[in-house]
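Below: a set of structures, written as structure tokens.
Here chain A shows up in two complexes: once beside chain B, once beside chain C.
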Partner chain A sequence: MFDFLTYLLTIGGIYAIMALGLNIQAGYGGLLNFGHIAFAGIGAYATGIAHARGWPVPAGMALGMALATALGWCIGRLGRRLAADYWGIATLAVAEILRTVALNEDWLTGGANGISAIPGLFENQPRPWNELLFMALVLGLVALLAWLSARLGDGRFGRAIRLMREQPQLAACMGYDLQSLKTRTVMSGAAVTALAGSLYALQMNFAGPEFLLAAETFVLWTMLMVGGIGRTAGVLLGVVLLQAVHAFVPFAKDMLGFDSDRAGALRLGMIGLILLACLLLRREGLLPEKLRASA
Partner chain B sequence: MLQFFIDTLLRTTDLALIALGLSMLYGLVKFPNVAHVQYAMCGAFLAYAGHSAGAPLAAALALASALTGLITLALQRLVFKRLLQGGPAIAMIGSLAIAMLLVAGVQGIAGSFPRMFSLPSMDPVVIGAARITPVQLGFCATTMALLLSFVGLLFRTRAGRAMRALASNPMLAEACGLDAQRITYAVTFISGAVAGLGGAMLALSTGAHINLGYDLLLPVFAAAILGGLGNPVGAVAGALLIALTETIVTHLDFGPLVGQELRFLPVAYIGAASFLILLLTLLFKPHGLFGAEVRRV
Partner chain C sequence: MKKRNWLAACAAVALQGALCTPWPALAQASIRIGAVLPLTGPSATIGEDIRRGIMLGVDEVNANGGVLGKKLALIVEDSANNPTTALTAARKLATVDKVPAVIGEYSSSITLPMAQYLVKEGVAHVNIGSSSTKVRALGGAAYSLIGLEDAGNRHAVRDTYGMGWRKIAVIVPNNAFGQGVAEGFRHEFEKLGGKVLAQVLYAGGQSSYRRELQQLARSKPDAYLYSAYGQESAVINRESKELGLRQVPWYAYIMSMCVSDTPAENVEGQIGMDVGAAKGELGKAYETAFRARHKEGFKSAFNGYGYDAVRMLAAALTQAKGSSSADVQRGLKEVGAGGFAGVTGTIAFDAEGQRIDPPYDNLRYQGGRLVPR
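Up next is the complex of A and B:
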């Protein structure tokens, strides 16, 4: 039970970092990114590949963040002329292309088997302590990034991208370069998410194509929409609620005697249902974003 | 060479009906419905259920198509109509939720194991050097007939003119006395029914499985976007283009380029090829190849 709790908190913390990354783009910037998980996948794979080449773990994490930021630049540039919905589909396509590559380039990514035996960060510590230390690291990072992200949202940059979301023409009139704003928004979200991807690979000791499934992006979107998109506390609340659902499914599976097909369906269905109920009943989420009437 | 054309044609028929419905509905409701490809998956399972319950194949297909249309209509009335009040972004995220629910529902009932139709085995028809199964031939003919009758409906009848008017300028169309609500519902039903039929016919050869909709998501969206969302005829052209690329990629021999006897791209990259075309198109033509100019009535 104790192990299960540490695991739950660690994974929850990692999802929280990914959700914070998505919130910078979708919450503050209003960008419909449906391929967000690609950034986390890059972080995970970079860590794994760097380890397989004998590099130290921090180098792999840094490489992942750099690659994800570069991809963020490309995707942001793609948004230069696209309408929001076209861009959303394009991001989904980018993530799928990456997954196809990861699945087929065995020499680099291990194909469908992925890269296993990635060491955890605190391998040399005795048994319960290594996991506790890693959990403390993740939760510390969540706190730090949540604080930074809230500051970012209230600062000059955050106000500029919110203005871009609400009144793009006004923002352009005020001399903001919308293209550069969009690109920087995607890039900063990408870097944060790649970090979470690295942590995920270290926690699971594994990086594989499952890290890049589109369904994971939709889980992140649900966290944002349920908790309150555009507000840091809301995002964290959404993560807690969704993780509670995830943790509940194995128990429900045992209680109801479901096979793993049904359990997978139950998990997917509950996420879908929560997302839909939230969109229909409380569109701005449980903790709505506070917009100042006049800046 | 003939086989090449037939392969392209078959893949086009896979995509065309579903892309057509998606594009047609986009013209009226103005958001890309991600759940649309899951209607095809529902159609496949409904047809399987009907056929294994003893209905003849044609009846099972027709029933599945009609039921999928009704599901689509119900979702439009109960869910999307309310979501659209929050804007297209909310509706698009909502369609993600609907897609998850549909997949979860079918997986919960039917499981993740593919269901193959038990069809009597038939010899393939041989045309020149090419082969095609009778099922595929029927699929092709049905799709062609549907596409032609749809184009006829759209450009030759009053109802078609009303649909085009509503898509290009909803306010003006309503001011001229068109019943926007009724037309939208009619188009919703048709697009769902057509997607369901497309999915059911696809499942005749590949079996009904829960990833059917998901596998179609990107090629269908690529086709609809290439054709310019909201332009149904463009969507069919887009489907043809995607099918052509995929077939070329599988048939192309890179051997001479790298100095080897024979070298083909891995089959798994076929999908990536169509997404790449999509990205390239969007880079240079942000509203698709046939976007802006066909929007006029």
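Up next is the complex of A and C:
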């Protein structure tokens, strides 16, 4: 049980980092990124490929973050002439292109089988400690990034991108370069998410094309929408809630003794229900964004 | 205050999810085994079919007195056709339920990372649905009841070459399974002197495959070899008929999967091969029991492997007189060495825990169902 709890906290932490990355873009900046999982995928694959080439783990992580940031720059620039919703579709397309590349370039990505046997970060430590250390690292990163993200949101940059979200013309009048703001927003979200992708590969010992499916991006979106988009505490609450449903259903099945074929449907149904309830009753999430009132 | 209530409710859900232990009745007087299957998502039909086979096996073992004086309890988890969910399920089975063996999954790209984790944890893994040859490299605690794609490819090549076809066009899904079939088949077929003229790896979930089919048709083959999942296969079968590509024969690879969702008139007369389904006297008895229990026949050829996996694990536990993972593995080796009489034929393992001479069937679709040819 203890091992499983450690695992749940670790994987929850990894999703929390990805969600924080998305929150910078979608929450603060109002950018409809539907291909967010591409950044995490780059992180995961970079870690796997670096391992296959015999490079140290930190090199793979750094490579992933650098590549994702570069992709973030491209995606940010891509939107120059596109309205927000069209830009969202373009990001979805970029993620699908990356998934197709991952699926077909056997020599680099292992094709459909993905890259397996990626060693964990603390594999040489004795049994419970390796997982505990990794969990501590992930949770430490979540705390650090949550703090940084909250600070970023309240700082000058955060206020500028919130203004860009609410009143782009006004932001332009005030002398902000909207294109640069947008690009920097996507790039910072991308770097954070790629880090989470690397951690995912290290935790799962695996990187594969299924991880790049669009559904994964929407899992992150659901977390944001349920918890409270634009607010760090809300994002974390959304992650905890959704991960809890995922973890709880298999146990509920064992406890209540209903068939396993219903458990999958129950999980999907519960997540859908929570999302619907939130959309109907608390449109801005359980912990809505607090905008600073003029003092 | 309202917000605090919300938070409390959320925390309660989270805590319950994390801390609750499995139902004690299940835990006490039974020996537990795990299974991870795709019960939601695109392979759910086959996942449910395997689950039915497995549950029938469990009932039968328990009706015959259980294992080592205890009931056999099977904990089936959903993989949602997703590697992260499958790994979480495998972790739950290994660390919370502490099962000595896990059966599953179906897709190779999910089985591989999951089995790798199980082997690392020292939990026995029993493969009943994945055909990637990478399964062979998993190591000591991994066993396969089903034939891997090299054996399947050799069988399909012998069969198609024997029909006198020399030029073949291939269409398969672009995933671990499809890539393995396409590469392996071409390799074996060209070794005999045949030629694969065109090869298309299609992207799943499309509403039309006309472009891919027309691309294949341009190569003017003697026959087409295809493999596709239920719904996609239905589209491919319909459109190949509409495009007039049925003047030359179509050969289905893993035929029960290919025809499961296609209307009968679109596949009448088609031939193909499949992993060996239930056979002989044992197989007949199993089919009757399956039909009686589920009021429906087989949906795929895979359920028999689930059934055999359960019965073989029960035999292994009895043989080893213990229920630890080491006991299961020792038992499986001993039972596998002598040849275990399963409904899919005699099961014997080689030194790598893979089935020796896995069975395949040559089939024809006739009068609305698959018949041997």
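Just so it is clear, the second predicted complex is superposed on the first by the 276 of 295 C-alpha atoms of A that agree within 3 Å, B and C clash if a C-alpha of one lies under 4 Å from a C-alpha of the other, contacts with A are read in each partner's own complex, and residues count from 1 in each chain.
Just so it is clear, contacts are C-beta pairs under 8 Å (C-beta built on N, C-alpha and C of every residue); 3 or more make two chains touch, one makes a residue touch a chain.
Since we're looking at a predicted model, the values are computed, not measured.
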Fit or clash between chain C and chain B when superposed on chain A: clash
Partner chain(s) touched by A:A244 [first = chain B, second = chain C, both, neither]: second
Which superposed partner A:L268 touches (first chain B, second chain C, both, neither): both
Touching partner for A:G27 - first (chain B), second (chain C), both, neither: neither
Chain B versus chain C as contact partner of A:A83, first or second or both or neither: first
Touching partner for A:G285 - first (chain B), second (chain C), both, neither: neither
First (chain B), second (chain C), both or neither touched by A:G197: neither
Touching partner for A:L103 - first (chain B), second (chain C), both, neither: both
First (chain B), second (chain C), both or neither touched by A:Y7: second
Region of chain C that runs into chain B when the structures are aligned on their shared chain, from 55-63, 235-243 or 307-315: 235-243
Residues of chain A that lie at the interface with chain B and also at the interface with chain C: 100, 103-104, 215, 261, 264-265, 267-268
In the complex, chain B residues that touch chain A: 31-32, 79, 82-83, 86, 88-90, 92-94, 96-101, 103-105, 107-108, 111-112, 214, 217-218, 221-222, 225, 229, 266, 268-269, 271-272, 275-276, 278-279, 282-283, 286-287
Residue ranges of chain A in contact with chain B within the complex: 30, 32, 34, 78, 81-86, 88-90, 92-94, 96-97, 100-101, 103-104, 214-215, 218, 221-222, 225, 259, 261-262, 264-269, 271-273, 275-276, 279-280, 283
Residue numbers on chain A that touch chain C, as the complex places them: 1-5, 7-8, 11, 100, 103-104, 106, 111-114, 116-117, 204-206, 208-211, 213, 215, 237, 240-241, 243-248, 250-251, 254-255, 257, 260-261, 263-265, 267-268, 286-287
Residues of chain C that touch chain A when the two form their complex: 3, 6-7, 10, 13-14, 16-23, 26, 37, 39-40, 44, 48, 51, 75-78, 80, 82-85, 87-89, 91-92, 95-96, 108-110, 112-113, 116-117, 120, 132, 134, 174-179, 201, 203
